[in-house]
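Chain nomenclature is as follows: A, B, C, D, E and F, assigned in order of appearance, with residue numbering initiated at 1 for each chain independently.
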Amino acid sequence: MMQYGLLVMGAPYSSPAPHSALRFAHAVLARGHQIAGVFFYHDGVHNASSLMAPPQDELNLREAWIELHQQHAIQLDVCIAAALRRGLMSESEAQRHGKQAFNVAPPFELTGLGQLLELQQRADRLITFA
Amino acid sequence: MATPDALLVIIRHAPHSSNWLREGLDAALVAAAFGQPVNLLFMGQGTMALLKEQGSGAPGQKATLPTIDMLEMYDIDKLWVTEEALQGMHLSADALVEGITLIADQEIPGLLQQHTQILNF
Amino acid sequence: MILHILTKAPDSIVATQMQQAIGGQDAVLLIEEAVTAALDPSWQAWQQCQSRIFLLSEDLISRGFASIATDNELPTLEMDGFVALTEQYEKTVTWY
Amino acid sequence: MMQYGLLVMGAPYSSPAPHSALRFAHAVLARGHQIAGVFFYHDGVHNASSLMAPPQDELNLREAWIELHQQHAIQLDVCIAAALRRGLMSESEAQRHGKQAFNVAPPFELTGLGQLLELQQRADRLITFA
Amino acid sequence: MILHILTKAPDSIVATQMQQAIGGQDAVLLIEEAVTAALDPSWQAWQQCQSRIFLLSEDLISRGFASIATDNELPTLEMDGFVALTEQYEKTVTWY
Amino acid sequence: MATPDALLVIIRHAPHSSNWLREGLDAALVAAAFGQPVNLLFMGQGTMALLKEQGSGAPGQKATLPTIDMLEMYDIDKLWVTEEALQGMHLSADALVEGITLIADQEIPGLLQQHTQILNF
């Protein structure tokens, strides 16, 4: 049994990376491993958007990540600097920036890049999808 | 020869790699729905949108083939691919769906000149 | 020993960069756009990494290259095999 | 004097396209032309995000577009299908999708792709930035 | 007559696609990443489009290639010149 | 030789083209700030991050050079570039900032093997 970390750096519907990452995550779990965490960086931060509304016949990637979290208690961390630049913020960040709305909510957590390096240290394997 | 107000949509991206292909085809379909004559030129990886064996992709990733099949209903009947592009991808013409017009690379500049409007995806 | 994951076409600059980085014991997995390599058995990396280079089956199927890969007798892996590779190789580097 | 249309298909901070488009727009106006409209498509829809919060020493591209609109009454249209997929929606779309928040507000308007083709017909020049 | 706008490096697949599409009377403007073409005066498009191919000055400067472009005697345009080109050429196609 | 727990950050993207370069350098700086030994390998277009003449870019686009200058303060002192990469870009070594270590293309696989951790940007 090994601990896997996933680094996701592509946006849903613009890159196949999140799809690949999600399928990989399920295969990792199916082989009896654990996932120590998923870190969303670069355009990957868009995976956390609660305002994502794809057509009904397409997978809602945010919901698929949430399902993964609910079933396996996997931490979903989003790089805060990459997120803010790209229009993604939590309720507390929205307050801090004087915004009326927010589009990142638990189980997605905004966090620093240090969390990625910590994940890389903690996990036996770090696999990048970009 | 293209009609005077025809739109040329150039497709250069493969299925499942990004949303460029889908959003390019959407633009072609909407233009056609508005009554504009539309022709398509497939270049490079875009050629792969025409492979008849392609599937629907990862769970939740829509297939492209139904959209390609829909083009004819919108009177988009010129789908150009160059023989050199096929050779470059090591594909033979019978791997593609019906109704493709094969041209030579050197005809591409002429195609672009003929069309009043061009959208490049 | 490194597992290199290529996500872009074999004729891309990214593929060239990966090829420069492959060590003698390394393995290669071709996913997403990289499965177009199935069309070209003369691609140099097929020789460079003989017996340690694989195509991801589900990405082949979705793009319509599955039977071409079979005709060209190229090695494919399911997603489960992808995970197995990452078990074997301590480090992975994704080229995108 | 000519009418220009701009098609913007790159996201701020991930692509240089919006920067180029904006500088081009100002140069077009400086030469005495008019801009018939800007259409945001593909990842370009992110230009409209009201939650974008780049570091203070970087240009806020959304604000730069709004300034362009305010000074020259230039229409800023955002493809609705491309936007919804990528997590961008207006107040009315948010209601329709049962969302608590929205991140697209005037002067940005969600509209169909037909608007792009109409812009291409109406303008003497359509320039793409992607 | 078409103005082709290239935004990617001269050794990219995108550049090759553009080169296939250039007609005898067409012009080319190199912006963003494409200004790396300043480093390589032997790039084929310099010959193919002689006197109708230009580098966007501000993108050259930001990337640190301005003096190299001058040394190589390559033609540059300001943003104002970019607009002037689009006045002359009825159609533009952007390659990205 | 890299120390056992060293992180190799590979930089392959040029300034002003995307945010890959900036976000790659950020990862290197944060790792170094956490006390991890960090080395950098510049490949292809990434080499351009090291040009000493580069400017700040379009209005509001931050320059990369101040970040490059900052690396030394974070004890990131190995910045590798291959001679072949420079040749391929038609650049000479004296167009680059100080403190670059030139290596040969064939040394790249060895560098990757030596590092316990690798991040590729």
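To be clear about the criterion, a residue touches a chain if its C-beta (ideal position, glycine included) is under 8 Å from a C-beta of that chain, and two chains touch if they have at least 3 such contacts.
Quantities reported herein were computed from a predicted structural model and do not represent experimental measurements.
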{"item": "Chains most often in contact, by C-beta pairs", "value": "A-D"}
{"item": "Mean-CA-position distance for chain E and chain C (Å)", "value": "35"}
{"item": "Rounded Å distance between chain B and chain E, as computed from the means of their C-alpha atoms", "value": "26"}
{"item": "Multi-partner residues of chain F (each touching 2 or more other chains)", "value": "16-17, 19, 57-58, 61, 117, 120"}
{"item": "Residues of chain D touching at least two other chains", "value": "13-14, 16, 20, 23, 42, 58, 81, 85, 126, 128"}
{"item": "Sites on chain C at which at least two other chains make contact", "value": "9, 13, 32-33, 58-59, 93-94, 96"}
{"item": "Each pair of chains that touches, named by its two labels", "value": "A-B, A-C, A-D, A-F, B-C, B-D, B-E, C-E, C-F, D-E, D-F, E-F"}
{"item": "Contact footprint of chain A on chain B as seen in their complex", "value": "16-19, 57-62"}
{"item": "Interfacial residue positions of chain B with respect to chain C in the complex", "value": "14-17, 45, 48, 51-58, 61, 63, 89-91, 95"}
{"item": "Residues of chain A defined as touching chain C within the complex", "value": "2, 4, 9-10, 16-17, 20, 23-24, 26-28, 30-31, 33, 125-130"}
{"item": "Chain C - residues contacting chain F, complex", "value": "1-2, 13-14, 17, 20-24, 26, 91, 93-96"}
{"item": "Complex contact set, residues of chain B against chain E", "value": "10, 12, 43-44, 105, 108-110, 112-113, 116-118, 120"}
